[in-house]
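First chain A sits with chain B, and in the next complex the same chain sits with chain C.
And then the complex of A and B:
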């Protein structure tokens, strides 16, 4: 187990390195124009461009340029020339909002995704299953920006049930924190609830045909016990995989939801930087987002070992 | 005989399908007395497993129609509610299943699954106490070192150990009836013999009434007191073990008994061949490396799947290759055909060395040597028509096309006992036996010299098995084919082989003429293998048991 974790994390480090090379290539090697001009932003002066060329070592060899770029991103002295601010600092400032949004939404979608999927599977073919199918498909189909706009219009502006977006730190007021995040949480969770419940339902229907489920019934377990301990438990692995991917992606910034609800997180920062063609933050956010995706992928693989003891960790007998 | 414990009266079970009601069980009636072993024998689709499942209430469902009566100690079970049935399952009637590989939940420890069964019926029993009971039961069924094994996962158990653990779980609540649905079908014969012995012992010592469901008359002869024969949902024959074996009244029973492959029934004797061998294998080795390491793998061990094997096959001869699972026989078959690259050794085909040939070098030779697979369901592409499947080798080797291809495929289909009209059908429209015929037609298409058949009949019912074996030997005569016949069932192998090679742990431990290997085995493993084969003859199996007991 420990050996597998080490191997998997080492693999993740290799993937991260590859991603950093690709990012480097996209920003510094592939463009036909002078990278210094792009980095400088919209209102560049010749002096600024010359300074950037100097500072980023853009007239030196490619490996040298790569090292300089990584030093800047990871060393904390990456500057947005457009906004005249420290990029890494801005990203760190965005972390509480983005993480609060993602963790809360994930808790909601995992709870309801699993609950709806379970009920659908157990009552498969019945009225409840059909109703939940409609709910799930509707949830998957609704565009997030539209739903967010509807929520804001009816629940915030017209009825004033919930405060409008903006992030209130948890340490300031846990109640305000939660009430400000409630609508963003629900908005973000709804699509995932639909997807997760459908995936779980079909996994459970497959698992119900397994021989060990027949064994469980034959030994006199109650139907609920059979469904939770044997069917549900054995159907969770694909849900964990999905969760690792989705959650990793969102931690890099939930652009649409942060944008609509004006939550000052990483997603909103990414969005603004893209609009302003401000490349240094985009560079950093891509690396930051990739880090979480790669990390959660590795964690999922490690979690698999717990979910299914047959996964022979780190051993390949071909 | 004591009063009946379980009484089944005029049981009818039907399943509503899109094609109408399928009557799986059609008026079955029988009694089970305390302490007896009742065997229900039948081929696939006879309704024997549905009967067993219905007794337990496991076949209930929206599309199932169940009539008649199933009474346990006078209490009707067919109209019992779910909770009452739940209390009976496991506690009064326990069940074990065919495939011990898939019948345990892979994510829980063996002990936890036994504990779960105990606590489902006796919630007052604490976890520790239940675990202690699980350890004790694993000991009873002969699992060595139960204190440690109780915390292992199912995949860490061998097939035989899993079936023992399954039996331990079934015994946990001291039920009155054990239903064993094909309990040894998925096991090797030496393991099968041990499991049958265990079931016999439990029946004798605990007086546990047992319903044994099986397709294997050899298993029946080993263990049953009374026998029911089922065919197409009806009980066509019933009686004591000896009555059914020695004085069958029903035609179907007679047919079933006639189709049984018997170890003491040899194949037709043919003159020994002296010509140059078609296939000559010398010191063939196939090892699989086992790799391990923190960051980078290095080889720490090797699985010696085939470990220095030599044999030769003359043209027109059949060599039987027998072995249990894991003996390396399938790996050997694939290494001979260069479907797996051998680690070392020599394979000569018509005198020409082919070991280590690349795919491209093998390409023209593929026409000369063909493979027939075990599973007629998995080895035919379900989305292609029969004509395409059988004609594919002809097309790939540019032997025929267009109308010529179709007429050749038609002939092939006729030759293996199918009709040319089957050309446009899909595999799912055929039964297992017919599918195996399709596989044979495909192998024959290029008029090969050598056919390697890997367990060609082990997925088939006994009566179908006899037909396929007959077809294979007809084709051998007609086309002068040479067979390497790979199987775990030494009875089947003897029936078709001129010579037999016995494989064990990657090596051939004994080879020689079929009669000699079967009647005067020299190697201890061959002797053990032969002794484990159940004899479909109750008198003989009793004699054998009493002689081994004394």
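And then the complex of A and C:
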């Protein structure tokens, strides 16, 4: 067990190193113009550009540039030249809002994904199943940022059913916290509800053909008992793995959802930096986001191996 | 009874799928709509997608109205009130014709979606064939490199590339792209989705290469290239068709999001995504500027998704994964949104 955990974490470390190299290449090597000009932002003066070239060591060798860049991002002295502020500080400030958004959205999507998946598997082929199929396909075809804009306009601006904007800390007022986050939660969750209900449905339909289900029925267990205790429980495992992988993907959705709803988290900061073409914040968000996800996935894998030892065998068999 | 080719059988199954047929009709209608852009622009609206009409007036039912009023508010939809001019109104302070922009923007959205998917699938097939056929170190190098890109969240990778290239431009060997080139979003999207397609293709090649027909070809003296492209590739046909279709849907969504964030399609080009980005600034006064392009994206992506699903059913009736497989979920690898 411990050996698996160490190996998995070592693998994650290698991937994180590779990711840092990719980020460096994206910003400092691939673009054909001078990175100092891009870093300086829109209102660059020649003096600022010269200063950045000096500070980032852009006239030195590539390995030196790489080290300087990583020192800046992880050392906490990364500055946005556009907004004249400390990037890492702004990112830390945004953590509670973004975390609340992602956790809430994930809870909604898991709850409804499982509920809808269960219902359409039990009533497979029926009216409800078909209706849910339509909902699922529509859900994965909607541009998330557009849905956010539509909700904002018709449910906040026009009818004022939901409050807009600012993040209210949970400790200040749990009710305000939830009511301000409700629309962003739903927007972010909708795509995944569709996908997860479909995956669970097909897993359950497969599980229903298994021998142990026939055995359970032969024992005279009620249909409901068979469905929840035997079929559903055995179909949930892949959903949990998927969840671990997709949780990280929420960060991408958080950028547009926070941007549209003006919810003051890391996503909104990234959104504004993208619109202003301000590079340093995006650099930091991309690298922190990717690291977080790689680590999160490694931890999910380790937890999963603990629950289901066959995973380890699969790993060594590869 | 006459023998039928598998393609013909698939065609017959597809023909019976009314829903998929209906939505392929919708898709054709959308293509005709965007295809007619020059006709509408020249003969009905009499203006181009980037022509501004800020200070002009337009004759509506004998009454002269400003395209953009003093507060900078654009004129709303005139439908056929001005003979087709400003059918959907003007797009903002610049007073450009929204309908003309919608038609031209759709061309770009579809073009970027199709071309990026095409590039991704060609790359992914080549890499998948090489890795799956040669195995050994070729497989290790290819698979590990793809794994790294895979570990990178798609959206983050795409916005990082989009921002860096939108400010800096791209120059690799003979390829020299300015920062507003349409090729930049195309290449970025192709690049980030290649691993998602290459991995399952490699898996399928690994299974196929153990089949008797490969052994037969080798015993007849076929070299690696013949086996890969003459024997294995045709057997990947149905997989590739389905991947392509569902990939276009997904890539159109990614393009619209990048463009909305200002790191995808750049002016002077317009896509439905950039239109939503511009329209969103006026959402409380002119919501249609956001609603309409978004509805077009939704309808197009929905149509492609349903047709792709229908193709999967028709080409591989035994497949148990349907819509969920579009994101590679069937390989339990997570979604790529």
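As a convention for this text, the second predicted complex is superposed on the first by the 289 of 318 C-alpha atoms of A that agree within 3 Å, B and C clash if a C-alpha of one lies under 4 Å from a C-alpha of the other, contacts with A are read in each partner's own complex, and residues count from 1 in each chain.
Convention: a residue touches a chain if its C-beta (ideal position, glycine included) is under 8 Å from a C-beta of that chain, and two chains touch if they have at least 3 such contacts.
Just so you know, these numbers come straight off a predicted model, no measurement behind them.
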*Please work out whether A:233 is in contact with chain B alone, chain C alone, both, or neither, and reply first, second, both or neither.*
first
*Which one hits more chain A residues, chain B or chain C?*
C
*For A:223, decide between first (touching chain B), second (touching chain C), both and neither.*
first
*Which superposed partner A:302 touches (first chain B, second chain C, both, neither)*: neither
*Is A:3 contacted by the first partner chain B, the second partner chain C, both or neither?*
first
*Check whether A:214 is in contact with chain B, with chain C, with both or with neither, and answer first, second, both or neither.*
first
*Answer with first, second, both or neither: which of chain B and chain C does A:38 touch in the superposed model?*
second
*Contacts on chain A seen with chain B and repeated with chain C across the two complexes*: none
*asked:* Residue numbers of chain B touching chain A in their complex, please.
replied: 56, 58, 62, 82, 86-91, 94-95, 97, 99, 102-107, 116-117, 120-121, 153, 155, 166, 169-170, 288-292, 294-295, 297, 303
*Within their complex, state which residues of chain A touch chain C.*
15, 18-19, 22-23, 26-27, 30-33, 35, 38, 133, 136-138, 140-146, 149-150, 152-154, 157, 191-192, 195, 198-199, 202, 205-206, 238, 241-242, 245-246, 248-249, 251-253, 255-256, 259-260, 270-271, 274-275, 277, 279, 282-283, 285-286, 289-290, 293-294, 297
*chain C to chain A touching residues, read off their complex*: 147-149, 151-157, 159-161, 163-172, 176, 179, 249, 253, 256-257, 260-263, 273, 276, 280, 283-284, 287, 290-291, 294, 297-298, 301-302, 305-306, 309, 320-324, 326-327, 329, 332-337
*asked:* Which residues of chain A touch chain B once you look at their complex with the stated criterion?
replied: 3, 6-7, 10, 125, 210-212, 214-223, 225, 229-230, 233-234, 307-310, 314-318
